Amino acid sequence: MMLSMWWTEPWSMTPVSVQGVWNVWQPVALVAVVTAFLIVALAYMIGVSFNLAGLRKWAKVEFYQALASAILVAFLVLMMDTMLNEGFQTMIGSINPYKKAYAYLDGVMDSLYPIYTSVYKANFIAEFIKSIGIYSNGMGLDYAPFELFTSPIVEYLHFEAHIVTVAAIITSTQRALLHLFYNAGFTVFIPAGVLLRIFPWTRGAGGLLIAIGMGLAIVYPTMFTFVAMMSENSSEVKNKATELGNSIGGFDMTKFGACACDFQSASDVATTKVLSPQLRNSSAWLLGWLSGIWLKIFYYPMLVLLVTFTFIRTISPLLGADITEIGQGLVHLL
Amino acid sequence: MRISYVLTTIFLLCTVRAADIVCPATPPYPPCCVSSEFWSGGWIYISSVAMITIILLLSVVYMLSKIFVKHEWEIWIKDEAYQILISIVLIITLVIVLSAICNVFTTLAGNDPFLIAHNYLNSLIWDKTLNMATNTFQYSVLCQLLAAFRTQIGPVALGVGFNQNAGLRAVAVCFDFIYALTAGISASLMVQDIGLSIIQAFAFRIMLPIGIIFRIFPFFRKAGGFLIALSLGLYIVYPLCFVMNKMVVDSIVSGISLPALETYAEPFLLAVISPFMPIALIGLYTIMNQLAFLLPQALFLPTLNLVITLTFIKNAARVLSQNFAEAY
Amino acid sequence: MNILRKALLCMVLLALLLSGCVVNSDGTMAVSPACSSGTVSSGFQTMWESWQGIAFLAGSTVFIISILAYTLGYALMHRKVIMWAKEQMQEACLSMVIVLFVIGLVSFLCSLDLRTLGMEVSCICTDPAEVYPACTTGTSCNFVNVGYGMLMEMYKNIMGGFLTVTAIQSLLSALSTTTYGYAPGGVGFVVSPLGALGDIATSLRDGMIVLMTSAILTLTQMILLKMTESLFVILFPIGIILRSFGASRGFGGGLIAIALGLFLFYPLMVVLFYGSVLGSIQADYSSMTTSLQGQGLDASNSNWFGGLLWPVAGFIGKAMVGAIFIPILMFMVLIAFIKGLSTALGEEVDASNLTRLI
Amino acid sequence: MTAAELFQSVWSNWQAVAIAAAVLSILFTSIAYSLATVFKLKSLQLWVKDELYQALASAFIAGAAVIIITAISNFSCSLTGGCAAGQDHMDVAITIMDTMKENVITQVQYMFDLSMRVGMITEMGKYYDFSVGNVACLVGLCSTATGFSWYYWAGGSMILDSLDYAFGLLIPVISSFIAQLYVLQLIKTALFPSLLAMGIILRTFFFTRKVGGLLMAIALALYTIYPLMYIMLQPYFTFTPHDFYYPENDVSATIMCGGSFVPHGDADHPFCIGIPGTLTYIIPGLPTSAANTGEATFMFKNGCRNNGDCLGGSTCENINGQKMCHGPPGSDYGSDVYAGMLSPYNGVLPTVGYLLVPGVFLPLLIILVTISFIKVLSPQLGGDIEITGLTRFI
Amino acid sequence: MPIVVSWAEWQAITLAVVSLMFSLVSLAYMIGTGFHLPKLQGWAKDELYQALASLLLAVLLITFISTIDTTMTTIYGKDPFDIARDYVNTVTAGLGTFFTGFVAYDVYFQLFKSAVLKAMPSQTGFDINPLIGLAPLTAMLSLSIEATLGAMALLFGMSAFISFIQYQLSIILPIGMVLRAFPFSRAAGGALIAVFLGFYVFYPFFWVFDSYIYSDVTAAMYAFPLANTATTALGIGSECIQCPMCCVANVPDLSGNMFLSIIMNLTYPVIYYIFILALLLPLFNVIMVLILINELAKIFGSEIDISGLSGLI
């Protein structure tokens, strides 16, 4: 019933497709409000019939809680709509922050992909040339002629590939987190939170769930929208990557499959292509771009997650759950 | 007769001393002086203006209470008047006592407590922690180099090869662990050093005057008391705790002698495996001793300082913000 | 007139305090630990003489003022003032009484010989050069020295264990890097047969880090123990003096609680807790070394796990609990003691919000 | 055997003890009550009255425990949209985690196969002797041998390093899935029944009431909120493993890899290593390569499928200079990662990134919610039951 | 030279200490009444109640502990401490067997991984390290070895802590009683008694609870269906039906699957042992005991208000 959500991607222009959220939200809201008032009425009725002062007092308190839940339910979607749709409009112009964030992260992946493949292509030939060795047992010789000047390039490309590896993993994790917050924020956490707010025993957990829902659904994407505004477009990165890929082009590897017939072209590639300024400049530019990306996909999101958790920690007591100690402990953990 | 004569001289002495509590117009300010400029008009001027306005207000209310025959207002005014008097007395005693306390503790510590605290912390950070960190780093690099040294008997295809000192890599990991620890220690010491200079800049020049002014207004009395207590605690007690730390550390340095490494090691076992191991372990042992001296000064003593300062602030706030109703 | 008179009296009090403040000539307080060679250290004695004067002075001034206030209150029939004065008088007498007992208390603590309490403990020779059993000039077995001796024993055991684990680890990692080539005529294999030992060596490396941390923490506690003696010498007198004045009674009480807690209760806890843990760690270390000798370091022996790694893991586990977990428990009880004592003596030393700070 | 039935079996032999404990504490309070009335001790009388009600409440809980638990289990079952016969929501959560674990392990297996294939040829070196071979060389003591040697695919070491880093993250993620599965099974078989039983018993004695309340709160929270959160976030705990292909159709690779002789029947398989290709590499003079030298696209994309995410895919739109290739929902663009997330990138590295969310982030979130539920629930059960009115009514 | 503070008979010491306090206070009470010092008498009366409370507390504690020990020995034949130690030793032994299993596999895999095949009959030919791809597996094995040894060390520490509690921690009860007698250190005394009760009584109880979980549940945990990895490893999996050639000719995939499934069979139970038995349950025990100590400290530390029973005296 409640739990089989429909998971979507952010197609519509407005951040919160109010209509979509409401038809998921509306049945839950009704159930929550009705049961809350039912319990209060029942308790009050018992309190009056057996003139139990304590019970009546409790019922009165619970009535206000139920009223609070009702108001929360009624205005939540309205609040979401105004805050998100209009709010974002004013803040970042008429674009859906989620769409912007999705686009930004996909853009980063679009750039990382050609970088990795071109670095691999350049490194493949450089490392092959580095491994060429001449041996002569008579003279006790085992000498690799090209290793001296190809190994720095190979190490450099390996380091760059490692950064791309880590960046790719983190970007895809952010992408999955963003998808979780977009879908789970309104359609899972907030309905469950409101449902739990009804019963006094689970009010704490309910308050926390609503806080998590609002925090993750609003705070996290806005961060990416600002980050996205500051980023260059990925096509420039792709040009640099292809430039690196072609910097060692024109070397026929198959000749070396069987015999070292064309040793001359191998030394030519080693001396001119591997050391060519084109390879050095494009790989240096790519490394500069990567360190910039590293900041945007690792430190900013970590910062924003901390901001989101402090946001949750501040408003959750408001909604009924006090998680100051636990939250802080877990924030350190994260 | 003699007693009254002595009393008056001492009284004059105190008032004279009180004058030098207010800082001179231009820096360098002597230790323990309350800032004369507070925004533009100087806090003494502002607190007197505040007092006059409140007295005016009270008189107006008193007049109204007489017109509308509101008895409870009268009691309230009487109480407020009394409170203002208490505030004035408190401020005057504060001004006088402050310079006395400062002089006592400065003589006790031998110099301006802030100066001693800064020197103590800087010597800890730059002399002890950072050169220990560089030693650790050098040892770690050396161990890793030695660990990579490989002996090969016969050609690779038909012989045996091994790294005799591969165990040194683990010792290098121990050095890296200590290096990470020293980074944490120096960070905590630097934070305290910066905190001290912030306190020196703001506690008496900003926080104390604000506290005094708040103390005068009826509604901010408790907040004023707390602010004064806070500034006293931070400016006087906190640096003195560092002076205490320095004295404690100096007193125990001579008393502790740790046994040398050989007394409990089986040297023959280690030398057999790799000749460089004993050298690395002696280096590790000396750095562990230095670290053991640093840890209390970077973790235990700062916590003790905070506990003492907080206790003082809590007690002083309670004393300063009570309205002495019972004495009345 | 009444208030003016009170203000004047306050002035008198301050003046007296200033003039009475006799500090030794060069102005700085030379601090020396409370106990040395089994009895009260001479440094503490001389320092306490000068502080004793001040404490008495402070107590007597408060006493005089409260008498004055008492007569005034009696004259003006102001019950609250009388009560306040009576209370101040009690406090002044109490602080003066405490001052009297300080030297007696410290000398008792310094000269208390734990062996009389039925504990077989290892003490310290009065002459620091000698090692305990062979003491010529006599032994001192008070709490601090016994605690220091026990921590030293534990430190030696842990360092011994650390060096043994380092030896095993370096042998295993050396063996794991051996490569053995057998390709006569260019055809064959080059293998490193003992690669698995490298993985065991990495797990022993974590054990080394744990043992090193335990050794460092034990050393730190030895230094803390020495520090508490000097801390007591500074905090206790200041606490007494501040306690006699009405305004700073809470703060003074807190300082006294901290001083007593650190100087008295902390060494007691060290002796009790470490007296017990040390025995089991020592037994475990000797069993480890004997099993190593028996097992020998050749991997061929079938019982390599039972003979070699089982005792090593046991030793690391015990050292970890003994040197890291139990001190946390000890400090927990120490903070409870200081908190309890300070609520009784004056201002409650609130260390709880600090723990949240760190 | 659902958790409720397990609790029932545990409770059947503990119930007697609980009732006896409740009766004992009622006896104890009544003695104290008589004492209080005899010596007219007001404070004791009050305390005793309160204790009596607590004891009665404990007796009620002990008696009705089974009924309450079955009610809770039915309600949670309805929340999950119905449970199978003889199963409750715990089993639903366990099956979710079990399938997730199986899928993740097959995915790891595919990645491990890739590592084996790349590893196979990266260290494959070729030695080519030009010297006039004399007889001694045959025996290997050939002192006059001179020639060339090279490692054709040494470049594969870059992929091995990336795979090594990816496995460094994957191993903890796999153990996290297995650990979560174990925790769920442990709750179902042991933690919930025994903690609840112990909690109820401890609740009857006045000095261990608080601990009893806490144990009951922990048991209830672990039985209800913890599994329900897994069920609520089920789309994030489903994962379809996929294999890795090499889209560049390198002609020489197909020939040397023996035509369609490539695992999984696709022509485009990276670093395909077949016996014919290897032989040609070893025997001097044959001008072919054992495997192909194309780009390592499988680290980002797991290869083409019909009109899907080949480079230059169709349904892409331009958002201020950034190409975002997402068709409307249901379009076959890219593969479904989980929870309706479409992405053209599902190679080795992105897959590791996607697995980090259900492996690390979600368990922490679920634990945070469970702890806050316990923190709210335990004072309710811990003895100062707020609705005192109700207890006075029973 | 074992230095052990073996004040083992803590019960006797506690009773001696409490009765000493009781006699001191009654002495003060007698002096108070004898010399008509109302203040001293009032104070002594209060102290008398506190001493009585301490006495009651001591007696209650000792009987409570001895009843628990007797009941547990009748039911399980051992007192809680022995049950706890046995449980910890069985888990450590289990981890030990896993450790040997891992090392045995590791020996083979390291050997395979590092084997370089040289095929250069006349210095011409090739050399290959066919199974270098096993690196992830050896990394997994190395991580498991490290985790198992760490968990064993942790469990050894736990069993040492249990015997430390049983034989040495009992010393703090008499100290707590003494501190409880003086008014100014009553709170500290109460805290010590709470620590003693928490660790001496309830901590082993939680270990008994863990051993119950271990014996009851571990069997169920082993029934782990490892359906598909085993079959594909042996080349009889579903893929091989579609393309038989792939299975036979593709040496690296085949051997890879075989090694992976062997490892998986070994890592599953170890994760249960390490994560649940060596980390989760001990942590649960310590946290519960600390919460309990916090509650008990409030009860023991405060002035136990039994003045209501004054009617009896």
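Note that the chains take the letters A, B, C, D and E in the order they are written out, and that residue 1 is the start of every chain.
Convention: contacts are C-beta pairs under 8 Å (C-beta built on N, C-alpha and C of every residue); 3 or more make two chains touch, one makes a residue touch a chain.
Since this is a predicted model, take the numbers as computed values, not measurements.
K.L.:
Here's a test of the contact network: exclude chain B and give the groups of chains still joined by touching.
P.N.:
Groups left after taking chain B out of consideration (others unmoved): just one piece.
K.L.:
Consider the two chain pairs A-D and C-E; indicate the one with the greater count of contacting C-beta pairs.
P.N.:
Answer to which pair has more contacts is A-D.
K.L.:
From the Cα centroids, identify the chain that ends up most central relative to all protein Cα atoms.
P.N.:
Nearest to the common C-alpha centre lies chain E.
K.L.:
Hey, how far is the Cα centre of chain A from the one of chain D, in Å?
P.N.:
Once rounded, the distance between the two centres reads 19 Å.
K.L.:
How big is the gap, in whole Å, between where the Cα atoms of chain A centre and where those of chain E centre?
P.N.:
A distance of 38 Å separates the two centres.
K.L.:
Go ahead and note the Å separation of the Cα centroids belonging to chain D and chain E.
P.N.:
26
K.L.:
Could you state the distance in Å from the CA-based centre of chain A to that of chain C?
P.N.:
For chain A versus chain C, the centre distance works out to 49 Å.
K.L.:
Residues of chain E that contact two or more other chains, please.
P.N.:
In chain E, the residues touching two or more other chains are 116, 118-123, 125.
K.L.:
In chain C, which residues are in touch with two or more of the other chains?
P.N.:
179, 183-188, 190, 204 - these are the residues of chain C that touch more than one other chain.
K.L.:
Which residue numbers or ranges of chain D touch two or more of the other chains?
P.N.:
125, 127-128, 131, 137-138, 140, 142, 145, 147, 281, 284
K.L.:
Which residues of chain D touch chain A in their complex?
P.N.:
Touch residues, chain D against chain A: 78-81, 125, 127-128, 131, 142-155, 157-159, 161-162, 165-166, 169, 225, 228, 231-236, 252, 280-281, 284-290, 293, 295-297, 299-301, 319, 321-326, 328-329, 337-345, 349-354, 356-357, 361-362, 364-365, 367-369, 371-373, 375-377, 380, 386-390, 392-393.
K.L.:
With touch defined as at the start, can you tell me which chain C residues reach chain E in the complex?
P.N.:
Residues 119-122, 150, 153, 179, 183, 185-196, 198-200, 202-204, 206-207, 210, 268, 271-273, 275-280, 282-283, 305, 309-310, 313-314, 316-318, 320-322, 325-326, 329, 332-333, 336-341, 343-345 of chain C touch chain E in their complex.
K.L.:
Sort out for me which residues of chain E touch chain C in the complex.
P.N.:
1-6, 96, 99-100, 103, 106-107, 110-111, 113-123, 125, 138, 141-142, 145-146, 148-150, 152-161, 163-164, 167-169, 171-172, 175, 179, 183-192, 195, 297, 301
K.L.:
Given the complex with chain D, which residues does chain A contribute to the contact?
P.N.:
The contact residues of chain A facing chain D are 1-9, 11, 46-47, 50, 52-58, 99-100, 102-104, 106-107, 109-110, 112-113, 116-121, 123-128, 130-139, 141, 157-158, 161-162, 165-166, 168-173, 175-177, 179-180, 183-184, 188, 192, 200-205, 208-209, 212, 233-235, 253-260, 263, 316, 321-323, 326-327, 330, 333-334.
K.L.:
Quick check on the complex: what are the chain D residues that touch chain E?
P.N.:
Per the stated touch rule, the residues are 36, 39-41, 43-44, 102, 105-106, 108-109, 112-113, 115-129, 131, 133, 137-138, 140, 142, 145, 147, 160, 163-164, 167-168, 171, 175, 178-179, 182-183, 185-186, 189-191, 194, 198, 207-208, 210-211, 214-215, 258, 261-265, 273-275, 281-282, 284.
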